[in-house]
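Next come the structures, one after another.
Common to both upcoming complexes is chain A, partnered first by chain B, then by chain C.
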Partner chain A sequence: MSQTLAIVLASVLALPALAAAQPREVVLGVVYPMSGPAAQAGVDNKAVFELAAEIANGATDLPFPFYQRLKGMPGLKGAKVRLIFADHQGKPDVGQAEAERLITQEKVTALVGSWHSAVTATMSQAAERHGVPFLNPESSSPGLTRRGFKWFFRTSPHDEHFTQVMFDFFRDFEKKRGVKLKTLGLTYEDTLFGADSGKVMKDLAKKHGYEVVLDIQYRARATSLQSEVQRLKGANPDVWMPTSYQTDAILFTRTMKELDFNPKMIMTQDAGHISPDFIAAVGKDAEGTMSRAPFSTDLIEKRPVARALNVLYSKRAGKDLYDFPARAFTGMMTLLDAINRAGSTAPDAIQKALIATSIPGEQLIMTWDGVKFDETGQNTLVKGIILQLLGGKYHTVYPFDVATKDVLYPIPAWKDRK
Partner chain B sequence: MEIVNFAHGEFLMLAMYVAFFAWALGHLDPLLALPLAVLALAALGWATYHGLIRWVLGGPMLAQIFATFGLAVFLRAGAQFLWGVDFRVVQDPWLGGRVALGPVFVGLPQLAASVAALVAFLGLWRFLARSETGVALQATAQDRQAAALMGVDTDRMYALGWALGAGCVGAAGALLAMYFYVFPDVGGTFALLAYVTVALGGFGNVPATLAAGVVVGLVEVFAGLLLAPAIKYAVVFLLYLAIVLWRPQGLFGRW
Partner chain C sequence: MVKRTALLALLAAVLVFPAVFTLPFPRHVMIMIFLYGSLAVAWNILAGYCGQISLGHAVFFGIGAYTSTLLVARAGLTPWAGMAAGAALAVVFSQAVAFPVFRLRGHYFAIATIAVGEIVQTLVINWDWAGGARGVFVPIKRPDSLWNFQFHESKALYYYVALGLLLLGLAVTRWLERSRHGYYFRAVREDQQAAASLGVNVAREKHRAIAVSAGLTALGGTFYAQYIFFIDPESVLSLSLSILICLVAVLGGVGTLWGPVVGAAVLVPLSEYTRVWLGGTGRALDVVIYGALIMVIAVLQPAGLVGLAARLGRGRRG
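Our next item is the complex of A and B:
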């Protein structure tokens, strides 16, 4: 009796070991805002993540060597990639709870997420504690890769890279056009994203000799931005530099028009100002708005990989590939490539493979030099560009050698429009 | 009526969608869509009472809270399911731009919205204070059983109360759609401020709510202008807490 029990017990205990040796499935937790104010980012990204999984599973074809090598996950003998999507609603506490659930109950191999810097911060803490790889494709708060984490990897540039590009642009633009930009007005929202962006902008402004004449941290998702715009109007900076998510970006533009605030140059930190909703909602009134970005839709035509992916993506999502899904895709493919090379779903094998990542730039849809992580988990081969909203579309205007349009400066005053 | 509608923000969201779709599909300016939004929301309020509130009215307080809260979650998720997560904006409404009142610029849509809100307030106030139905409604709100004993059809009064409340939100939503973006989660932005305003004035007191609304608006703008914009809502809520500590029934509340 006790012998039978021992045999049964032994075989039961051995089962997970066998399963781990030959995984038939790679389960990844993907956590994004699927409801709430930033739901659009999550919903648009979901389509591109599903495409990434299909490419890995061999169901969809992207005819470029890097993606062909991943086809059917040969490193894991054809294990199928399965994604579990979860919604964090833009809330750090919900994100952390979802991360815990995915790790402990769904037993995911790795986590991917999660757009908002503040949510990425709490989710990756859970992943770090459990020793599960966390790939972050887009959160731009610089501090995320400075926490000494061992399981956190970020493929995207962060706000220091991005903001540096803005100041490089100011320098080159002043030289090219013979103008002098002296004063900056900063407005940034009050979550981690805005707070970090504001800090970086202030540091770089000081370093490059610009005067910050207005420095406002405002309450995100405000019902009114009248007082903020009144103060901007009073300070009248040469360049207005806002950091906002969608809701506030739309409201800022509408309020500016109502209150007749006429900045000559608007340099934004991506996010709200670059989302298709912002363009659809107030694009006409936002003519001339500039943004840093890691990707631009007008580059699709110039990059064969991006063009091929956009054909697949636009069919599924009903819109062209843009910054959010482009970065999401790049992050997910980086993780899938690492898992494939690891040939296992064991966390440390994947971690080792991620550290050894080396993806050449021409295989990416981004204009980066490639993907290669430093010891903090930050991709070192990133590059930012500057875009400007012209005629309802964002066009690349800097660096000048890849620009598709000339910079519109100054932005016409409200009274001179149409 | 001693029941708080936690789906008030979602009612506002629906009213904004009514105005948006009237504009997008029927090329109706939000000003023209206003009666439509009022009627649609009044019907929704009436239906909500008969379909939901009536059944929980006699139940414990918690059941009432959960019922309207559940309705809020349902409406928000339903809106996202039906209309997606995109932010929508009415382009070029009739009223745009700004007017100068002396040295101050005021957005024309906002000005129109406040005038319309004032008109709605006066109408509602007169109705409640002067008409027989209005008095019956107030009586029902004060004491349901006593009102019923006096021959008031309290069931109808409740339904009317819900229809009226939702109708007012319908007007607010249509006016707001002239200058604010619409998306499934937009209600939450306003609902909290609305509760604070009502509680500040005193539940059940319509003119007090108007006064409280002006106070909240002024505090918000001046805190943003003179202190720091990041804490403007903190100042509003702080003021609310201070007043509620001093007068738990609100500034002009009776009970």
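Our next item is the complex of A and C:
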């Protein structure tokens, strides 16, 4: 009896917020595409969210300090975490309706979602209106954290971070290998994806002192890329930076071989160049192609936290941890950590705790420097990684401290390949 | 007489609904019934009464949504002005595309409307000033105001605006049913040659039908934009939206006054509540049930739910 009293007294002294009535349950709304073209993302994420809740409830063990501290949610004296999953079908209006329903009828403490940038936009509007914290683990549209919202937090990098990592890589690579990369050749397709990418690449090239010697916006799904490749060959940049979807990426590689264009380094914007079909079609000819990415499966073996989680995840989901569930898990754990520190399910206490978030990088499964939000709610410690296609598979080559392979540079000329 | 009393009772029930159900979600379901009901009513004027099956009505919806949103976001106008401008623009656009498209009949007309829809969607995706594929936000303005057409505190006003749109569509349909043009429309639907031989100007009547239909659809587009505060080509211009509008009307009963409303009153809650009930399982069971029920109704009662009700009514009397 006196022991219980002592514990209660100690926690009351340690956390004044606890003086308020203790909630028995922490209910979180998790809204993802569970049907429609992107349903796989929602289904794969569901397994990892359930794992996150079990870790917080003490039912599953992840033996690393950050996760141990959360075990049993001591900040709320063992309140149980319960997740309510909902499907937004990839539709902004459905996302908004689900957010409102979860907030007003299920009385969720916070919302997590929702993959599509467009749905995240409308759902977070509803959360903002009701004053409920919204944690977004993966939507990559930069504008989401520029709306002046007070309840919106994003743990993932956005599109501009992803291009930044390429330039960080150039800098570190030049230092490490003692080479000089001065000129860039940009080719990007003419839909939104390419247009955005082209703009960010040009801005960053200027900022970091690289010269853009060739700047081509080409017609997406082109039937011939001969003239584009001829011009690349003529300009001969130190790095060729294409932004393409799959069919264009394949045609570029075939045309390069045909016209004997030998770039020493190819730095691509994910998408077409990283798709399994691209690797199947021209993987051998595309040897040495590099791409930015948020996470790579080959990192699992190198990061103890990721390896431990993957053992649990692969048993449940029947596949290895990859980009989507990896980011989803990181977002959910960030939120659970904040709720635990808040010691309450009151929205403003959680908001305060989220703002004070500071998770060290080595406790994450991602290769980021950690989690810390700026005043817009964007995690500032994010870091993309650079992959390189080597022997028909993408491997992590940057940041160098987490790399699983060395950078292949320069890419051998066509005449020197077997 | 009995029918009139029943209708008045229904109207009274609908009017007091927000006072009884104060949570946002039931109100949201009703708003969606009104919105999709009004879109299906508008579609029904062209397809049900005039016999021109359009699978491109999302274009008019999108014109309404984009016109008002761009005027709000880029010029600071009130959405009500944008709503009028959007409807006017949709009417003008419908007249322009109608010239080539109405030369086609039956299935070919339907295919052409799909093509128009896809072209417009692709154009908007590549149109930077209109937000491109990224879409446009309606700038949020607090506090709530009727002038700004933004109600964040309560959905009650949205509820009545949507109800107003539906009633407007029904009133127009009712008026058409009894007017000369309504008879011309139906004559065109039944047999274009016969109608022409009786002195009906077939081309002009078709243009009339699509103008009314497009204008009413565009009003719904503006409402959607002010309700969701975000539009992009995928949510307001997609083929799937065009098909949904058509589905609501067909399920309820094409070419009848109440068919589209009945269709919306069955389909919307079915889709919303199966999703709430089963959507989180990740097995898409809700979509399976939704699809299966549509199939059952379509097979058992091709004339739609209104046709089923009429048959039951006849059965009782006979």
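Just so it is clear, the second predicted complex is superposed on the first by the 244 of 418 C-alpha atoms of A that agree within 3 Å, B and C clash if a C-alpha of one lies under 4 Å from a C-alpha of the other, contacts with A are read in each partner's own complex, and residues count from 1 in each chain.
The rule we apply is simple: a residue touches a chain if its C-beta (ideal position, glycine included) is under 8 Å from a C-beta of that chain, and two chains touch if they have at least 3 such contacts.
The model shown is predicted, which means the values in this text are computed figures rather than measured ones.
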{"item": "First, second, both or neither for A:121, with chain B first and chain C second", "value": "second"}
{"item": "First, second, both or neither for A:39, with chain B first and chain C second", "value": "both"}
{"item": "Partner chain in contact with A:227 - chain B first, chain C second, else both or neither", "value": "first"}
{"item": "Touched partner set for A:93, first chain B, second chain C, both or neither", "value": "second"}
{"item": "Chain B versus chain C as contact partner of A:280, first or second or both or neither", "value": "first"}
{"item": "Contacts of A:298 with chain B and chain C, given as first, second, both or neither", "value": "neither"}
{"item": "Interface residues of chain A shared between complexes with chain B and chain C", "value": "35, 39, 43, 190"}
{"item": "Partner chain C, residues of chain A touching it in the complex", "value": "30, 34-35, 39, 42-43, 46, 84-87, 89, 91-94, 96-98, 100-101, 104-105, 118, 121-122, 125, 129, 141, 143, 147, 190-193, 195"}
{"item": "Contact set on chain A toward chain B in their complex", "value": "35-37, 39-40, 43, 190, 216-219, 221-224, 226-228, 230-231, 246-247, 250-251, 254-255, 257-260, 277-278, 280-282, 284"}
{"item": "Residues of chain B defined as touching chain A within the complex", "value": "76-77, 80, 84-89, 91, 96-98, 105, 107-110, 179-181, 183-185, 189-190, 193, 220-222, 224-225, 228-233"}
{"item": "Complex interface listing, chain C residues touching chain A", "value": "23-25, 28, 32, 125-126, 128, 132-135, 137, 140, 152, 224, 227-230, 232, 234-235, 272, 275-276, 279-284, 286-287"}
